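Chain nomenclature is as follows: A, B, C, D and E, assigned in order of appearance, with residue numbering initiated at 1 for each chain independently.
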Amino acid sequence: MARLFPSLSRKRNLPPGTPVYVGAPRAEPVRITVIDYDPDRAELRAVDTPQDCFAYRDNDSVTWINVDGVHEPQIVQALGRHFGLHPLVQEDILNTTQQPKCEDFGDYVCLFVKMLQWSDDADGITSEHVSLILGRGFVISFQQRSGDVFQAVRDRIRDNAGRIRTMGADYLAYALLDAVVDGYFAALEQRAERIESIEAELVERPTPTTLAHIHRLRREGLMLRRAVRPTREMTAALDRGGSALISPEVAPYLRDLYDHAVQVIDTAETFREMLTGMLDTYLSSQSNRMNEVMKVLTMIATIFIPLTFIAGIYGMNFQHMPELTRPWAYPAVLGVMAVITLAMLVWFRRKRWL
Amino acid sequence: MARLFPSLSRKRNLPPGTPVYVGAPRAEPVRITVIDYDPDRAELRAVDTPQDCFAYRDNDSVTWINVDGVHEPQIVQALGRHFGLHPLVQEDILNTTQQPKCEDFGDYVCLFVKMLQWSDDADGITSEHVSLILGRGFVISFQQRSGDVFQAVRDRIRDNAGRIRTMGADYLAYALLDAVVDGYFAALEQRAERIESIEAELVERPTPTTLAHIHRLRREGLMLRRAVRPTREMTAALDRGGSALISPEVAPYLRDLYDHAVQVIDTAETFREMLTGMLDTYLSSQSNRMNEVMKVLTMIATIFIPLTFIAGIYGMNFQHMPELTRPWAYPAVLGVMAVITLAMLVWFRRKRWL
Amino acid sequence: MARLFPSLSRKRNLPPGTPVYVGAPRAEPVRITVIDYDPDRAELRAVDTPQDCFAYRDNDSVTWINVDGVHEPQIVQALGRHFGLHPLVQEDILNTTQQPKCEDFGDYVCLFVKMLQWSDDADGITSEHVSLILGRGFVISFQQRSGDVFQAVRDRIRDNAGRIRTMGADYLAYALLDAVVDGYFAALEQRAERIESIEAELVERPTPTTLAHIHRLRREGLMLRRAVRPTREMTAALDRGGSALISPEVAPYLRDLYDHAVQVIDTAETFREMLTGMLDTYLSSQSNRMNEVMKVLTMIATIFIPLTFIAGIYGMNFQHMPELTRPWAYPAVLGVMAVITLAMLVWFRRKRWL
Amino acid sequence: MARLFPSLSRKRNLPPGTPVYVGAPRAEPVRITVIDYDPDRAELRAVDTPQDCFAYRDNDSVTWINVDGVHEPQIVQALGRHFGLHPLVQEDILNTTQQPKCEDFGDYVCLFVKMLQWSDDADGITSEHVSLILGRGFVISFQQRSGDVFQAVRDRIRDNAGRIRTMGADYLAYALLDAVVDGYFAALEQRAERIESIEAELVERPTPTTLAHIHRLRREGLMLRRAVRPTREMTAALDRGGSALISPEVAPYLRDLYDHAVQVIDTAETFREMLTGMLDTYLSSQSNRMNEVMKVLTMIATIFIPLTFIAGIYGMNFQHMPELTRPWAYPAVLGVMAVITLAMLVWFRRKRWL
Amino acid sequence: MARLFPSLSRKRNLPPGTPVYVGAPRAEPVRITVIDYDPDRAELRAVDTPQDCFAYRDNDSVTWINVDGVHEPQIVQALGRHFGLHPLVQEDILNTTQQPKCEDFGDYVCLFVKMLQWSDDADGITSEHVSLILGRGFVISFQQRSGDVFQAVRDRIRDNAGRIRTMGADYLAYALLDAVVDGYFAALEQRAERIESIEAELVERPTPTTLAHIHRLRREGLMLRRAVRPTREMTAALDRGGSALISPEVAPYLRDLYDHAVQVIDTAETFREMLTGMLDTYLSSQSNRMNEVMKVLTMIATIFIPLTFIAGIYGMNFQHMPELTRPWAYPAVLGVMAVITLAMLVWFRRKRWL
């Protein structure tokens, strides 16, 4: 299970704006790819050093620089310096615990989001810190590691599908955000399946494992909510912000994105309430079972304890017990016992225990 | 029971605005009907192709185009192109998981709502995605399937009942929304009946089935709330929006609609709290029963265990037990047992267990 | 108990604004009374038809038309037409499920409230839909049935008590609203008495009936809240609304009314939390009793089961049990039993079970 | 315990603004004292009739008229008429159930607060309705009874301590409010002590009395919250209100007062959550004890019931039981019993019941 | 554990603005240090009296006066008088129970925060009242005791690391606040570790001690929340306040600080919900164990009580019990007992108790 608080060992005692990587240690090299396109052509290139991207800043086509890995601060710094990013922005790019937010610096807009993906290895949802820098004619995206939800966007640029090649960098930023939010839907879908299978289990045969699953899903829901909830504010800020970098043509798309974010949050909330309801169901099924167990015990004890007492009476060794010598005494006692048993059963039936 | 998350398998990896149907697969053909009316006449026509409706866009009468079925994207696209709908709107029309919202595009206003109907087949409330496009002189409504709550509106147009024939397309859109909200009242009425019958059951004889019913109603309530809650914002946006498409004459009707939406949400909230209260009642009735069962067990055990012990004492086979030979010993032991029993009963009475 | 959802069988499938009575069927005739007054005189008259009131509209004195019964739509319609009420207002007057609200139509202000009264018959609070129309020089009030909280206002007009005869129709409307809100205090007083008596019961001797009473009061509280809560918004809207019909002299009274409404809601909320607290108290007292019952059972069983086992040992019929022939064996076994009992009691005392 | 709803028997059926005392009946005479001061002198005088205060209205010094007792409406009326108070204000002064509020009438500002004091007699917090009227050069304070939190203010005026003698009536009103809010801190301190002593009890040895104390503190907390919560709005209104009666010099003091009010409310909320947490702790400690009791019962029963059964077997009187005649049979049975007991103990250990 | 309400014994009965120390008594002497720097040099000096700092007020370099200990009011007063602090500000500096807030007095801005640090002695988080006064060219910080989170800031000034030496007093104030908020992250990290270790314990082997730990962490969380929550409002006020003392260059840093504050609060909330979830988990694990215990008891009792009864029957001493003389009777009874036992086991298996 992903740790709720992935890395608190922040770079304390360093000046604000110091570019230090905060996150799980990683060994793999940082990969940088550049996609440059205009309506007529699209070029995809893997580059070796940040410096290889510098030329793209000032050309007229739209450039998307994607950086897989933020564990090498000097790469972020090199790009940051060339593209004019504030030191605090560089710090936030490197800080994988940064919460989602949107900040407009005039020349560029920064978007920090969490990219959620289902991982079969972790048997759960993994979260990745993604930073998007929208500038004049370029978008830079930073991810924690390789593997993302952006493949469809790349394909659309390559295949000239949809409007993407005819639009500017603002539309590209929107398309990337949209892919992230679509990824939320995928993660929710996985959760929905889990929840429904546990719900079925709950109805058929609840076990302590069912409970453990519910608790685990609730815990994961907390993480999910922390990642997803700020997205609404972020998209709203982007839409209303009135940045000069965002053309009016893109506005309806941003509103659509906002709607999706609202829907994601709403669905996550609904799941949360469902899980609470399932917990209640589990606890009351437990209480039902306990009640049933107690009733069985009570019925057995209530019938047999008096009978055993009667048997005990006639097992006493007093010399003067006249009943013991009567030939009809034994059957009579057995008869009395049968009557007592029947009376008990009738009484249980009346109390609706049977 | 309707799935809470009906279809998450969204058209991921497609450009935004791509018209793709999202929802349960349907085989039946899409039906299109056109109602065209002015104060003097009303014409109802079933048409075969979207193209048959195109002529109605520019005439002076009010036109209502109703499309039953959104599982054929090309129909929505054809209408969308002719009536000038933004690709994102077309996408939302086709997406049956779209949450209710109201968007003003200047030339037209889009309204997405959930139409709730009681279904005897599903033994519950079914939800249907309905899109209303209010343009200059026309309303286009898209539904997921045949069967709706709009029959009364059709009848009023046909019979020239009320003011509908004398008003414009804005009033028609209002009338359709009003029918949807009236449908919410009908669904709530069904829920009210259910809740009241379960409440009676709860008072008379609660069983685990009662609990299951409560949990099911709560789960359905979550779905209901997701469908109903955005309606308030939507009608408020419509009323305050100041769209040029909505005449001042219709404003009081919209305010009335807003009041109804508020009342629906309020009632749904009240039901929710009632169900929570019923759950509490059930759990405390369970706890009461458990208490009663435990008391019976404890009383039986507390009376008979000591008595059985006494009988056990005199069942021992020691050779030197002088009491065993006394003639008065047996009645004396029985007497002691009777005294113990009486003392116990008095004690239980004091503790108010009896 | 009043039904929470008194009548959902709304006039569906009818055009909006159609005047249809929505509520419990009533047979008694509708009673109309007119009170016309100026500083010098006051006249009270029962009239037979709505038409008898028409003349009062245009005179200079203040006129209060009170209609007991809204189950005859034609009466509301007749008055509505003459006094210029919008069809939707007429509809709301006839709809006894209408939630409280305040609407300003320029020429008149509509106020819909719930009049709460304690009913000994129902052994609970009954709710009545009351509509007040404040126009220039007149107030029309519609009630569901005879019997109201307005008698004191009538007396004050008749006896020229306080300032009412010297003020206009706006003050009359305020006085009626104030009487309704005073009625809320009376209803709350009844609730307070109930709650305090149940609280005493809870401390002295809680029974399942106590629980049923708590649940009933909570359910009633839901109804109360639905009736009372909108009153605050309503009075605030009236105060801030700046209607030309309301003179500045009346403003402090409206603010006072607002304060009362806030106090009513606040008190209702406090009662609600008290009931929740009482439910908790009940459940923990149940749990305490259960604990006590279990302790008794466990102590009895823990002491006697081992003793009975020892007696059982010496009740066995083995031929070679040397103890059985010793003369000191029987008293020795009795002594051992006494020691075990004492040890158990000491142990219970240590565990604080005694 | 103070009644939560001290007096609902309002002066119903009387015109609004009728001066009627609402509260617990009181017999003691109303005491009026006047403090008149300027930077150079301070005079304290007990007066017999309201008329004795009238002269102070128009002098240049600051006058504080304090009235202990509002159960004689004619006194409030006499003062009200001379100092120009609106009838509704007089009504609110006399109504001890009035919630805290601040109203600006231009010529004077009315402040209604609850004065909380710890009472050893009631073993709890008592609440007193206090009205402050701030006019040009005077403050009138009305209290329910003698004994208040204002002694320190009186001393400061008499001793010329702090800035009070050099400031105007606005500062005096602030000083009185500040004394009331300081009284809240004192009441919270008493609560804090109670809560901490009960918390200690909860850890060491929780009993049903502990629970009763928690419930009582929660109930008292409801009353406290009703009294304290409106104070924040009240002080904020006073600060922002921009009344001409309040000089800019006093503004920082009012902001300080506001901070204190926020802190009081915040602390009360924290206490509330602590009490909820303590209730949870109590309930889970109960559940722990129950678990322990059940384990003891189950272990005793599980060990001895099988043993008793074996003893019962060999207590049967069949003639053909070959074991009974074997000399080694008795020790063998005892051995088997010992083995069973040991096996059970090992099993309990494994299940971690021991 | 730190007391939740550290010191309520406020200086009641004193004029507002009287400088009185409110807090735990301290004996150690107050230490004052001055750091004076400009881009070219930095000077650190420990001074003996407040008067030694006075000269720094009017120089051109940035001065940071740090006061460790606020238990000597005359020191605060001396500084307050020279630097022109309002008496109420001096009072708040001395009041260690003051809640965090930000106040702008034009010439200077006051910031009150809580500095949280992990203390191994207290085995918990300790809170310290810190006041920051930002004036033109100077910052004065007051702390309750020696030992703080500011060492890194001192080092950066000394070593000329980062931008701090090139910026003004506003940046210094920001840097100190940032250090405080970084301290919150450290405290949260400690909490995160605790929570995770308890969570592991909860899964492996929950004991009543686990519960006590959860309750303790929740209680600490209440204190934490009170300290941390106002920080958000405070930083927002600072950012939006538009004080002339804060240069535009510092604005992005303040926004960054605000983000951190939001993240801290968010994390604290998440921990709170996790703890609530853990409490639920504990209680349901308890309920599971209880269920298991009850099942064992019920199975043992249900099997052996009937068997013991049968043994009791044949232990009776009636003279006419024909079965007793039959040679096959004993093995037959044993057989019947075995059959009963098997039937019971099958039944338990069916009920899924085994």
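Throughout what follows, a residue touches a chain if its C-beta (ideal position, glycine included) is under 8 Å from a C-beta of that chain, and two chains touch if they have at least 3 such contacts.
On a predicted model such as this, the values are computed, not experimentally measured, just so you know.
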- If you check the contacts of chain B and chain C, which chains show up for both? none
- Message: Counting residue numbers used by both copies over all numbers at the interface, does the chain D-chain E contact come out same (over half shared) or different (under half)?
- Response: different
- Query: Distance-wise, how many Å sit between the C-alpha centres of chain B and chain D, to the nearest whole number?
  - Reply: 42
- Item | For chain D, residues contacting two or more additional chains | 287, 290, 294, 297, 301, 305, 308, 312, 315-317, 321
- Within the complex, chain C is touched by chain B residues 151-152, 155-156, 161-164, 174-175, 178, 182, 185-186, 188-189, 192, 196, 203, 252-253, 255-256, 259, 262-263, 266-267, 270, 273-274, 277, 280-281, 284-285, 287-288, 290-291, 294-295, 297-298, 301-302, 305-306, 308-309, 312-313, 315-321, 352-353
- Where on chain B is chain A touching in the complex? 3-5, 8-10, 12-18, 86, 88, 91-92, 97-99, 101, 103, 105, 205, 208, 211-212, 215, 218-219, 222, 226, 279, 282-283, 286-287, 289-290, 293-294, 296-297, 300-301, 304-305, 307-308, 311-312, 314-317, 321, 323-327, 329-330, 333-334
